[in-house]
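Chain nomenclature is as follows: A, B, C and D, assigned in order of appearance, with residue numbering initiated at 1 for each chain independently.
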Amino acid sequence: MRASGKGLRSALAAGTIAVLTIGAAGCAESDRDNGGGEGSASGGTFIFAGAGDPKNFDPIFNDDGESFRPIRQMYDTLITHKPGTAELTGGLAESWENDASGKVWTFKLRQGVKFHDGSPLDAAAVCANFDRWFNMKGEAAQSQMIYYQDVFGGFAGSKDAVYDNCKAQDASTAVVTMTRYKGAFPGAFTLTAFSIASPTAMKQYDSDTVTQNGDSFSYSAFANEHPTGTGAFTFGGWNKATGEITLNKNADYWGDKAKVDKMIIKIIKDENTRKQELRAGTVQAIDYPAPADRKALADEGYKVLDRPAFNILYLGINQKNPKLKDLRVRQAIAYALNRAQLVQTKGPGGAAVADEFLPNTVLGYAQDVQKYEYNVDKAKQLLSEAGATGLTLNFYYPTEVTRPYMPNPQEIFTVLANDLQAAGIKVNGVPRPWNGGFKDDVQQFGKQDLHILGWTGDYNDPGNFVGTFFGRGKVEFGDQAMTEMFDAIGKADATVDQAAKKTAFEQVNRDLAAKWLPAVPIWHAPPALATTKNVEGLVPSPLTAEEFNTVSVTK
Amino acid sequence: MLRVISRRLVQLVVTLLALMTLVFFWLRSLPGGPVDALLGERATPQTRELLTRALGYDQPIWVQYGRFLKNVVTGNFGNSIRTGEPVTEVISRAFPATVELAVAAIIIAIGLGVPLGYLAARHRGRLLDNATIIVTLVGISIPIFFLGYLLKDWLTQGLHLFPPSGRISTGMDNTDVTGFFVLDGLLTRELDASADALWHLVLPAVTLATIPLAIIIRITRASVLDVLDEDYIRTADAKGLRNPTIRKRHVLRNALLPVVTIIGLQTGALLAGAVLTEKVYNWGGLGTLITDSIGGSRDYPVLQALILLAAAVFVVVNLLVDLSYAVIDPRVRVR
Amino acid sequence: MTRALSDHKRRRIDELIARTSEPGGVSLLRDAGRRLLRNPTAIVGGTIILLFLVIAIFAPLVAPHDPIQRFPELTQKLTVDSIPGATAGHPLGSDPLGRDFASRMIFGARQTLFVGVLATLIGLLIGVLLGALAGAIGGWVDNLLMRLTDVMLALPSLLLAITLVALASRSTQWTVIIAVAIVNVPIFARLLRGSMLAQRESDHVLAARALGVKRRDIVLRHMLPNSLTAVIVQATLTFAVAILDAAALSFLGLGDPDINRAEWGLMLGVDGVRYFEVRPELAYFPALAIILVALGFTLLGESIREALDPKNRR
Amino acid sequence: MPLLDVRDLSVTFERRGTRPVRAVDGVSFTVEPGQTVGLVGESGCGKSVTSLAIMGLLPRRGNKVTGEVRFEDTDLLTLRPKDLRDWRGRDIGMIFQDPLSSLNPVIPLGVQVAEVLERHQGRTRQAALREARELLDAVGIPDPARRLKEFPHQLSGGMRQRALIAIALACKPRLLIADEPTTALDVTIQAQILTLLKELVDDSGTALVMITHDLGVVAGLCDTVNVLYAGKVVERAYRHDLFAEPRHPYTHGLLQSVPRLDVDRGERLHQIRGSVSDNIPWPEGCAFAPRCDRLVDDCIGETVPLEPTFRGGALRCTNPVPKEVAV
C-alpha cells in the first residue's frame, strides 16, 4: 500500500538521474570534439550525409543514386568520367576501341590493379563479370538488373540480347563482342551498375543468389556484407540501426589514394535535418540541400557546390486526346507556360529554362531550335485557330516524391496549371502518389492529358535522353504511331560515326521542338552539394557520380 | 487471471488475422503496388513483366493469399521492398529505437505529469494551477511536429545544446547489444556511448512526451480533485492523520487509478506521435519506418507487418494495464 | 471477473456518458447553459470559436485578395530562397508562390473549418448510426459492431489515418477528411452505445415502456436526444483533434495535395516547414491559428462537459 | 463544565461569483460528559455542516466559520489546522453516513483501523493491527483476523459501519460525533448499529452527538435534542419533553409526520408543505414562516430570538404550539 508513494519517488529519482547524466553527456561530447580528428598525421574521417538507404552493394542489382554512392567508392568501371564533367576517360581500362562495325569493343586494362580481396583485375575477371550478367539465372535476379535489361536488351537465350561474348585476348586485353551496334556504348560502360567486381569474392559469397520472399527479394552475402571491388575505399560496414555506412581507405588503390582514412555515409532522409547536422558540425557534407536553404548556407560560409545540370523536367502531352493531336494546341500549351518565371521563382540555383530535352553538354544539342517564349496571346490565338477554346485537360502530378529535377512537384504543378488557366485552358489537377498510382496511371494506362516528369542522364549520350522518351511508342505520350519520330531517333541512335550522329541528333532536336512537340521541356535544375569550409577537393559531378578519394578534411 | 489472458490472446489472434486479410486484399486492389515500388524509373516493360512473374502476381489471387497466409503463420512477413531485408529484421531493428524513445517519453510524462497534476490540484484555483492548466491546454493543441521543429531550431541551431538528429553521434562505433543504445552503453561499459545516446534522446523524448504529459497532468489533477472530495478522505481527516500520510496513503493511490488507464490508452497515441517525432529527429524507429514505407516507396510488406505490430502492441499494452489495474485496485482483483 | 477486467475500458467511456447524459431534460440544459455563461473558460473558448466562425464565413469580405491569385508585384521579387515580406496591399507579404499570405490565412479559417467540421460530422454520423443500432438492437448486432470498433480502436488514431491515406490509391482533400473521420467513428459509436445502454435501464425509459410507447419512439424521442449531449461534447473535442491530424498528415506528405487550397494544416505542414528559414511567418501564423482554434474548441468542449456534469450541480 | 460548548457558531459559504450563503446561523448548544445530544432536522438544515465545523473538516477555502467551539478549555476554532489534527481521532471521533464511501476502497481494513492508533498512540504497525483485531471484535465483526486483510467492498454494509465505529472509538475519545450513521443501512441493521453505539457509549462514558433526521433514532438514544431549521436551533428540550410537548410548529409537524400504529388506518399522514428551500427571501423573521400553519405577522417582521423555556430547554417561536395540544 506504500507502492504509490514509492513509485512517485523513484520516478522523480529517475528524472534527476537523467538530468545529471545529460549534463555529463554534454561534457563527454565536448571532450570528444576536442580529442578527435586533429593531431594525428592521418587523414581523419569524412562524414557525408546521404539522402536515402542503399539497397545493397552488388552494383548490377541496383539502379538508384543512393545505392550507387557507396558502390562507386568501392568499385570502378571500365570507362569513367573526367571529374566534374560527363566526358569519358579511362577507368579500369586505360583505353578502349570500337571496330568499324561498332560491335566489337576492345579494352586495354590497367596493369597491376587488385581487387580488395587481393585477386588481380585482369581480362578474365572482366569477362567473368560480363558473363555473369549475361548468364544470370532466375526471374528474381533478372528482374532486378534494371540497367542491364535496359542497355543489354536481355539475357542468354533472348533474341534481343545485345551481348554476345567476352574474350580475354591476353591478361590485360578484354574483347567484348556485341550482337549489334548500340549508340549507348561506350557511354553505358561508365554506368555504376556495370562496375567490375571480384569474381573470387562473388563466387565465395554466392553473389548470384537472389531469392524471392513475399513481395520482395533477398540478396547474397556478397551484396550485403562483402562487396569487393577495386575502388578507392573498402567496405567497412553498414550499421542499419544508425544509418551509417563506413568505408575505409584502400591503401593499395591504383589511382589517387583517398586523402581521408575513413569515410562515413550517414543517411538522413529529411533535407532540413541534413542542413541542421551540417550546421551542428556533425557531418561535413550533405547531398541535395533544399533549394530554399542554399542562400542561407552560402551566407553562413558553407560551400554550396552546384553540379552541372544533367537532367530535364518536362511537361508530357498525351496525344491519345484527339485535341492534343493538333500541333497548334501543343504549341499553345508551350507558349502559355511562363517558364522563365517558374525558373526565377521556383528554380533551384543554377536552374535554366530548357528548350531541348537534353543538356547542352550532350552530343547532338542544337543551337537553333524553335523556342517558345512566354506569350499568352499567341497561345490563345493558336487555340482558337485549332478550334480548341474551352479545352479542359487532366493534369497528373506526383505526390510523396522529390526528384533532383523536380524538388517540389506540387508547386511546379500549381504554377504551370496557373499559367495554362490564364491562357484559357481549364486544368483539372490529378495528384497521385509516386509509387501508389502516378507511374501506373501515366506510364501504364495513359490516363492523363498532361503530366510532369523528368529524367537524370546516366551517361553522355543523346540516346539516353531523347531516345528514352521518344525512341519508341510509349503510353506516356499516347501516340504509338509517330513513326517519323521513332525512325529518326532510331536511325540517329544507330549511327556509328560520331560526327554523323551529332548532325542526326541535332536535327532530331529541331524537329522535336518544331514539328513533333510530344512534350514541353521545362528546365534543367542542377542538384547541389554543400560542405563545411574545411572540406577540400570535392568535385561535383553532373551525373551525381562524385568520387570521394580526392576529398580532404582540414582542421 | 490465466483465463483472462488466454481469452485476450485468442481475441488478439483473431483480430490480427481479420486485419491481415483485410490489408492483403486491399493492397492487391491498389494500383502500383510492389511492382511499381520495386522498379525504378529506368525499368523497361520487359523488366516489369519479369518482375510480375517473379513475384507471382500473375497467379490467381487466392493462390497468392494462400501463400501469404502460409508465410505469415510461419512468421515470415516477406522482405522489405526498399531494403531487401526480411521484414522481421527491419522491424526488430527499429523496434528498440521506438521503445527507447517511448519509454523515455513516458518517464518524462509520468515523472513530471503526476507531481505537477497533483500540485495543481492541491493549489486549485491559484496561480500554479491556472498556469498549469493553460500550459497543458496549449500542449494538447500544438501540432507536435511543429513543436519539434521549434525545439530543434532553437536548441540545436542557434544554441548547440543538443544534437539535431539521430540516436547517437556519427562514428561513435557503439556496440549494439539490445538495440537500446543507452542501455547498451551501460552493458558494455561504453559509458561515453551511453551518455551520448542519452544526450540525443532528450529533445525527441521531450517532444514526444508533450501530449501524454499534458494529458497526464490533467487527468491527475482531475483525479486528485475527485479523490479529495471523497468521503474516505474526510474519514482520514477525522482520524486526525497527518497531511503527508493522507496524501501518500489515501489520495495518491486512489488518484493514480485513472492515470494508469490513461497511460495505457496513451500507448497508441505515443506510437502515432512517434511517427511525427521520429521524422523530425531522423530517429531510426518504427515511426520512421512507417513514413519510409509509405512516402514514395510504398513498402507494402513492411507496412503490413507494422499495422499488425501496432495493433498487437496496443492490445498487449492494454492487457498489461488491465493486469496492473488489478494489482492496484482490489475491487477489480476480486470481482 | 473476466468481464470486469476486459471491459473496463469500455466501461470507462460508458461511465463518462452516464454522468453527462443523466435524464433531466430542459431544466438540466438550461441549468447547464447558465453555468456555462458564468464560466470564464467557456467564454474564452466561445469567443475564439465565434471569431473563427465569423472569419470563416465572411472570408471573401474580410480578405483583401483572392487567395489563389499570384501577384506580379510579389512574384517579381520571389525566388526559391527569398520570399517578399509585407508590402503595400499585402500586409503579411507573399507565400512561396507569390500569393497574398494574409488572404490565405483568412481563407484558411474557412478551409480549416470545412475540413474539421466535415471530418467530425462524418465520423459523428457514422459513429452515431452504428452506436444507436448497437444500443437499440443489442444482441449479435451489438456484438458484431463492438468487435468492429475494437479492431479500429486497436490502431492509434493518426496511424490509422496514415494507413488509410496510404491505402487510398488517390490522394485528395477527401482522402484526408474521410481518413480523419473514420478514425473517430469507433469513439462516437462506443459513446452513443454506452449512453443508450445506460438509459435503457433508466427510470424515464422504463416509464415510457410501461406506458406502452413503441420501441422506435422510445429510441428516437427518449433515448437519442439524451445521448446526444455527450456526443456534442465529444464532437467539440474531436474538432480540435481533426485539424491537428490533418496538419500532421500534411507534414508527413500525405495530406491534401492541392496546395492551392488555403488550409492551415496544409500551410503549416508543407510550406511552413519547407520555408521555415526563409520566412518563419509561413509557419508561425498557421501554427498559431491552429493552436488557438484547437484551444478554443477544447476549452468549450471541456466547459460544456463540466457544465453538464451532475456533480457540479449543487 | 460541559465537555463541548458550542457558542454562536456560524458558517457562511462564500463562493466566487455567487451570493454568500449562511448555512449555520448562530448555533449554540452544549454536551456534558457522557451525555448523548441529538441534532435533528431535515437534510439541508445545517446539522451536518455544524458537525463538520466542530471537527474543523470544512474545506478551508470558501467557508467562513465564526463563533466558538469549546472542547473543555480549548476553543477548537482558534487552533492551527495542524494542531487540530492532534485532537481529531484522539479526543473526538466521528462516524459518517455512507460507510462504503467513507472507507478507502484500496486499503485493507486493518490498516485503516490501525493507522489511527499509530497516529495517536504511537503504536507500531504490528501492535496497532493486533489492537485493531480486538476493536473489530468489540464492534461485533466476526472473524476479525481475516477481515483485517480484506477490503471494504468485501464487507457488508453493516460490517462497514461497525468498522467505522471501531475506527472512531479506537483511541477512546471523549466525544463521538455520529452523522446520520444509520441512514444508508437496512432497517434491521440500523437497529443493531444503534444498539451497538449505545452500548459502547454507555460502557466507555463517551459523550455522543447524534446527527439525524430520524426522530425514531432520537427517541431511542438521546438525552437532549436540538431541532435545527435553516441553520438555526429552533427548539431544544429533553427527549421526554420534546416528544410529549413539542412547542415549535416545525417540531410538531415533524412528529406528526411519523407514521404511528395508534392512528386509524384511513387517516392521512400529516405533512409539512413545501420544502427547505422555500425560504423567506430576507434575513429577519422566521425561516419556517412560509411553511408554517401558525403563521402570524410577527413571524416575518423581526428577528425571532431563541428563548429559554423550562428545564434548560429553549424555543424560537412567536406563536408556539400550545402546551395542551397532545401529539
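As a convention for this text, contacts are C-beta pairs under 8 Å (C-beta built on N, C-alpha and C of every residue); 3 or more make two chains touch, one makes a residue touch a chain.
As the structure is a prediction and not an experimental result, all values here were calculated from the model.
Contact count check for A-B and B-C (C-beta pairs in contact): higher for A-B. When chain centres are set by their Cα atoms, the one at the greatest distance from chain C is D. Taking each chain's centre as the average of its CA atoms, chain C and chain D sit 50 Å apart.
Annotation: 36 Å between the Cα-based centres of chain A and chain B. Centre-to-centre, using mean CA coordinates, chain A is 88 Å away from chain D.
The distance from the centre of chain B to the centre of chain C, with each centre set as the mean of the Cα atoms, comes to 23 Å. In chain D, the residues that touch at least two other chains are 106-108, 111. Residue numbers of chain B whose C-beta contacts span two or more other chains: 30-32, 249, 253, 279, 294-295, 298, 328, 334-335.
Each of residues 1, 400, 433, 436-437 in chain A touches at least two other chains. For chain B in complex with chain D, the touching residues are 125, 230-232, 234-243, 245, 249-250, 253-254, 257, 328-331, 334-335. Looking at the complex, you find that chain C touches chain A at residues 70, 75, 78-82, 96-98, 166, 169-172, 253-254, 257-260, 270, 273-278. Interface of chain B with chain A (complex): residues 30-32, 34, 36-44, 46-47, 50-51, 53-56, 68, 71, 76-87, 93, 97, 107-108, 110-112, 114-115, 152, 156-157, 160-161, 163-172, 176, 179, 191-192, 195-196, 198-199, 202, 248-249, 252-253, 256, 279-282, 284, 288, 292, 294-298, 300-301, 328.
Contact residues of chain A toward chain C in the complex are 272, 290-296, 341, 344-349, 397, 399-400, 408, 410-411, 414-415, 418, 429-433, 436-437. Taken together, the chain D residues at the contact with chain B in this complex read 55, 57, 61, 82, 85-90, 93-94, 96, 98, 101-108, 111, 115-116, 119-120, 151, 153-154, 164, 167-168.
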